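Following this line, the structures themselves.
Common to both upcoming complexes is chain A, partnered first by chain B, then by chain C.
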Partner chain A sequence: MGMSEPSMVAEPPKLVPPKGFYLLRGHWAGRAWQLLIFKRSLWVNVALTLGLLVLSTLALGAGQVKLTPLEVWQALWGMGTPVQELVVRELRLQRVLAGILTGAAFALSGCLMQTLANNRLATPGIIGIDNAATAFAVASVVGLTTSIAPPGMALVGAALATFLAFLLAGQTGTQGYRFIVAGIGIGAIAGALTQLLLSQVEIDTANAAFPWTVGSLNARSPGAVWGLGLVIVPSLIVALGLVRGLQLLRISTTITVSLGIALKRLRLVTLALSVMLTGFAVAVAGPVGMVALLGPELARLLNRHHGVPLFGAALSGALMMVAADWVGRWMLAPIEVPVGIITAVVGSPYLLWLLLRPATSGP
Partner chain B sequence: MNAKSTPIFTDQAVSLAAQALKVTRGHNTVIEALSLPLTPGAVTAIVGPNGCGKSTLLNTLARILAPEQGQVILNGRDIQQLPSRTVAQQLALLPQDTHAPEGMTVEDLVRFGRQPHQGLFQQWSPEDQAAVQAALSAADLLPLRYAPLDQLSGGQRQRAWIAMTIAQSTPLLLLDEPTSALDLGHQIEVFELIRRLASQGRTVAMVVHDLLSACRYADQLVAMVAGEVIAHGPPSEILTPELVFQLYRVHCDIIEDPFSGSPMLANVRRA
Partner chain C sequence: MSNQHTTPRMLPLLVSGSLILAVTVLASLLLGAGEISPARAWAALWGYGSDEALFVLYELRGPRTLIGALVGVALGCAGALMQAVSRNPLAEPGLLGVSAGSSFAVALALVLGASISTLTVFVAQAGALVGCALVMTAARLNGLGHNPVRLILAGATLTSLLMALTSLLLMFDQRSADEIRFWVIGSVAGRDMSQAIQVLPFIGVALGLLAFIARPLAALALGESVARGLGEKPARIRLISVLVVALLVGSATAIAGPIAFLGLVVPYIARHFTGPDIRRTLWLSAVIGPILLIAADTCSRLLAAPAEMPLGVMTALLGAPVLIVMIRARRMPLL
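Entry: the complex of A and B
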């Protein structure tokens, strides 16, 4: 090789994307821009989106009035019979949308929290946020504090649980098992509080609130669905801006700081997003925490553990929620099994495996 | 073979210095009243017994830890007042406990070194590409660039981490025990890489466990005991039997390596 003239300086080589990435580039306002898109993740997300569309169509067609996928689409676009349009647009669409939104919110929230704590066990459901949000929302439903709407109360509960978990975790913060164990305790207390509240009210009120306390898309309020819908899109955008920092967080906090990420801000925004998404999702569907565990896991599996698949997690979560709700409606029809029970049945073995395997590692 | 690679950062003189540092961890004062200017363009090795505060000093210099009193001055400014990103464009750190998440390849890791120069819409500039290529080449990792890190040998993995800090293209490099857990061959490989980096104009400070390697490969030796610098200067000037005794509580004689001329310990015995 010797001391030859450095040829790279004279004529810059062609810009080639790193292996496994697509490169988008251009100029805007006099500045060059480049985006790297991980090929696998792109195609995984496309596949998940298609899967979600198919599943949603099937879910919209299932029920007492059975519709073919074609009829569902015709009804959605206003080209079906009045009965079909009523069934699809007025009766079923909101439920499927609620499933998509809550599934995406739970899974995105879980993926954020897991990455923040660098532990797959650290999902909002496990560290008590779901339960606290539920307890507060139930309090507003059964009328102890009537003035604030359930989503607001759920949010307050979620934030309070996180704050308490932090307080009890002490110096280690979100890193380490203390945070998780403290959260499990808070969750247990909140769960007991919910039961206590329900035991104090009329049997009819308690019966009405019950499916929602185990997680169901049946008891949703339109306001809560709207609230979640308004929150989730900006959350996804903000979360995508956090991806680069979160990827470094998977290595270590020292590396994250030494590579120029403002760690405090990254943690604060990630935690706030996660808590907010959980709060709003619980207000719609109750504590369906298992989706926060399973959604990110599926996305990581599909992405072969490359990076932090926030978008993939949201899509996986949405897919699981719609599927679980559909199965719950159809399994013991006409009795409806709440979606939270389906996800718990599927998710618990996985949780056990996570707890029992010898070496626990980060997400 | 790396003599042709051109430094990317010669545009400014860089300086890093500790001033009257006091650093505590928990309730323990690890470092007290420590001042240390790093010699620009030189390799400085920090040596001392276990628990003397070497790593704490390095992490404080790198802005990972905040001092209780005193300051770390980077280019005339208090490093704690500078944004993370600004610091990361000047100073790269290789921490001691490095482990990569599963599935990460050498190239993935080295690309992360470009983070302080990238933005949300500047994810792969020609400079990034050139710096990653140069770092992989400097660390002799081109043939292994697509290998997952968990399938590499200890020496190869350590070179990958050093390549990440090289890709950061900073004039300052702080390395915390870059050769720990490496066998002799891999140690020399890494030290020679560090010498090459210094010869390109980088300022390097490293915590080194082995006094002999420190003398062989460093221009400046910093000897620490119990959170204080007890000697600082070129190894051949400051290494004496008395200093070795202060550091490690052993007696020895100092002789000169007939090949490299660097000081060596001989006849080491228990006190």
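Entry: the complex of A and C
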């Protein structure tokens, strides 16, 4: 082919993106940049965003006062009747926002931890971080008369649990099942502490804390929601910066290091991000750990297991959380089923299937 | 017993174990959070002393200690048996979801109208039977039997599923939620003596069955084909084991609520003294179980006096570190 067309050699090589990718090129500050975008993941994210918008609109319209999607949008932009505006903006918006934020935080945190440990079972919920964060937050709510806000305590608990899990897993680090079982042990201790705290207080206080210990959007405090909102945007940006390193990490640590990525820093930042997101999310909604497993799983499925879909995971998690909360509100109405129970009932069989299916490929 | 010089003698172990058990029982009777001093309790033990001291000793601490001993025997033996049958040193009724199955059944019965004081132990045992059958089936599945840790994960997942379903049930019914809130933590305090008497025959039957299958179990430990060659029937042994575990765990859960980790710790300690032989481990577990449970219960009274720490919390604090130590060991002891 080259012999008959000698003129081809003289031309500069034309960059052709691999199949299934878009190639963006440009100049910025005198330097040329190129960006490969996986077509499928782009469209998946667009679809997930649209789905989230539709679902949020439905969730905003559901309840005692039923609103059509159009009325919801009018109320959101301040063009509805005063009653509609009160219902949507004052009563329901914060709950849906809390669902979106916590779902995104849990799923993003799960995706980061799974990639780091190279094990899809290593989500913060399973390795006991959720339980520890809950125990500390419950302590600040019911037991101790400290003035430290629950989010702060949840963060302390999450960090402590992670530290312990690493310490106790020994030299194996995040690799292997040892880390996970050490986490189960820590989770059991933290769960016992939560039970202990709840059994020491008045029944009314315990009942008030109950929906929150199983994971619910009902007991959220506005401060915690705002805190999570402030944390999640920079976290997403930092996480997107980590994608390249994390994708290489999936293949091999040797390749990652040889391509000039600071492995220690990558691991530390990923872990810190994951712990922080879980801590803040638990402070809002309690331990809804299953979303951290299912969100990334759905995103990977939609992306056909290509790369590390951090953004897709966050969107899937938000979608699941809002959906689970919505289902929980009408399933047994007028009783409200906490979102954590819905996700556990849906997610546990899936996790069991992951564990019990014939061992064709490692988890 | 031709190999007595290589394996430890059982008699000294059992005798010293029984002595320690006697001391623990005495401590449980004499020590407490109330204002009855150990000296007054000692006098009351022989029938002297005020009515108050007699009441505390014979109506509160006595039944409590007795129930603790029963639960300890049941859970210790159930743990040793489950570990032997699933050939998994981490197998434990609490971790593997058997206790959760039992509490789910109890919650279901409560919501359907039973009351916790009139509840028969059959409900708890039926729940334990279903949970145990599920777990044992899972342990026999391809790829899982040889990986102790994956079975634990599956058990933890089953437990969380059952806990979620239990919470869901309790949401229907505030009265049941109030009743069960203290029960799900696991405790031997303030339990009715009549309930203990109710489960006594079941534990007796279970221990009898255990004595019957101890020898076949030891053969099974050598491998399926060796057991067949020795004339045992592995499928039948497993079936009986599942029944025995369900009887033991169901009875223990019915009187004390779900108590995790005891079934893990007790055989772990027992194996340390006896080596891997299941017959020895089983009988030593029956002694170490009550020692640990009564000791944990006494500590739970003393540590947070005048309030009380729930026993389930105490065993979790005791057992979780053992779990971590076990998986930290470079080579997990294979059964």
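FYI, the second predicted complex is superposed on the first by the 345 of 363 C-alpha atoms of A that agree within 3 Å, B and C clash if a C-alpha of one lies under 4 Å from a C-alpha of the other, contacts with A are read in each partner's own complex, and residues count from 1 in each chain.
Criterion: a residue touches a chain if its C-beta (ideal position, glycine included) is under 8 Å from a C-beta of that chain, and two chains touch if they have at least 3 such contacts.
What you see is a predicted model, and the numbers here were worked out from it, not measured in a lab.
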Task: For A:255, decide between first (touching chain B), second (touching chain C), both and neither.
output: first
Task: Could you tell me if A:23 is touching chain B, chain C, both of them or neither one (first, second, both, neither)?
output: first
- prompt: Now for A:306: first (chain B), second (chain C), both, or neither, which partner does it touch?
  reply: first
Task: Identify the partner contact of A:81: answer first if only chain B is touched, second if only chain C is, both if each is, neither if none is.
output: neither
- prompt: Is A:68 in contact with chain B, with chain C, with both, or with neither (first, second, both, neither)?
  reply: neither
Message: Shared contact residues on chain A, chain B side and chain C side combined as an intersection?
response: none
Message: Touching residues of chain A toward chain B in the complex: what are they?
response: 1-4, 6, 8-9, 12-13, 15-19, 21, 23, 25, 28, 32-36, 241, 244, 247-248, 250-252, 254-255, 257-263, 304-306, 361-362
Field: Residue numbers on chain C that touch chain A, as the complex places them
entry: 90, 95, 138, 141-144, 147, 149-150, 152-154, 156-158, 160-161, 163-165, 167-168, 171-172, 177-178, 181-182, 184-185, 260-261, 307, 309-310, 312-313, 316-317, 319-321, 323-324, 327-328
Parts of chain B lying in touch with chain A, wherever the complex brings them together: 1, 3-6, 59, 62-64, 83-89, 91-93, 95, 97-105, 107-108, 111-113, 115-116, 118, 120-126, 129-130, 132, 146, 168
Statement: Note: in the complex, chain A contacts chain C through residues 121, 126, 168-170, 177-178, 180-182, 184-186, 188-189, 191-193, 195-196, 198-200, 203, 206-207, 210, 214, 332, 335, 337-338, 340-341, 344-345, 348-349, 351-352, 355-356, 358-359
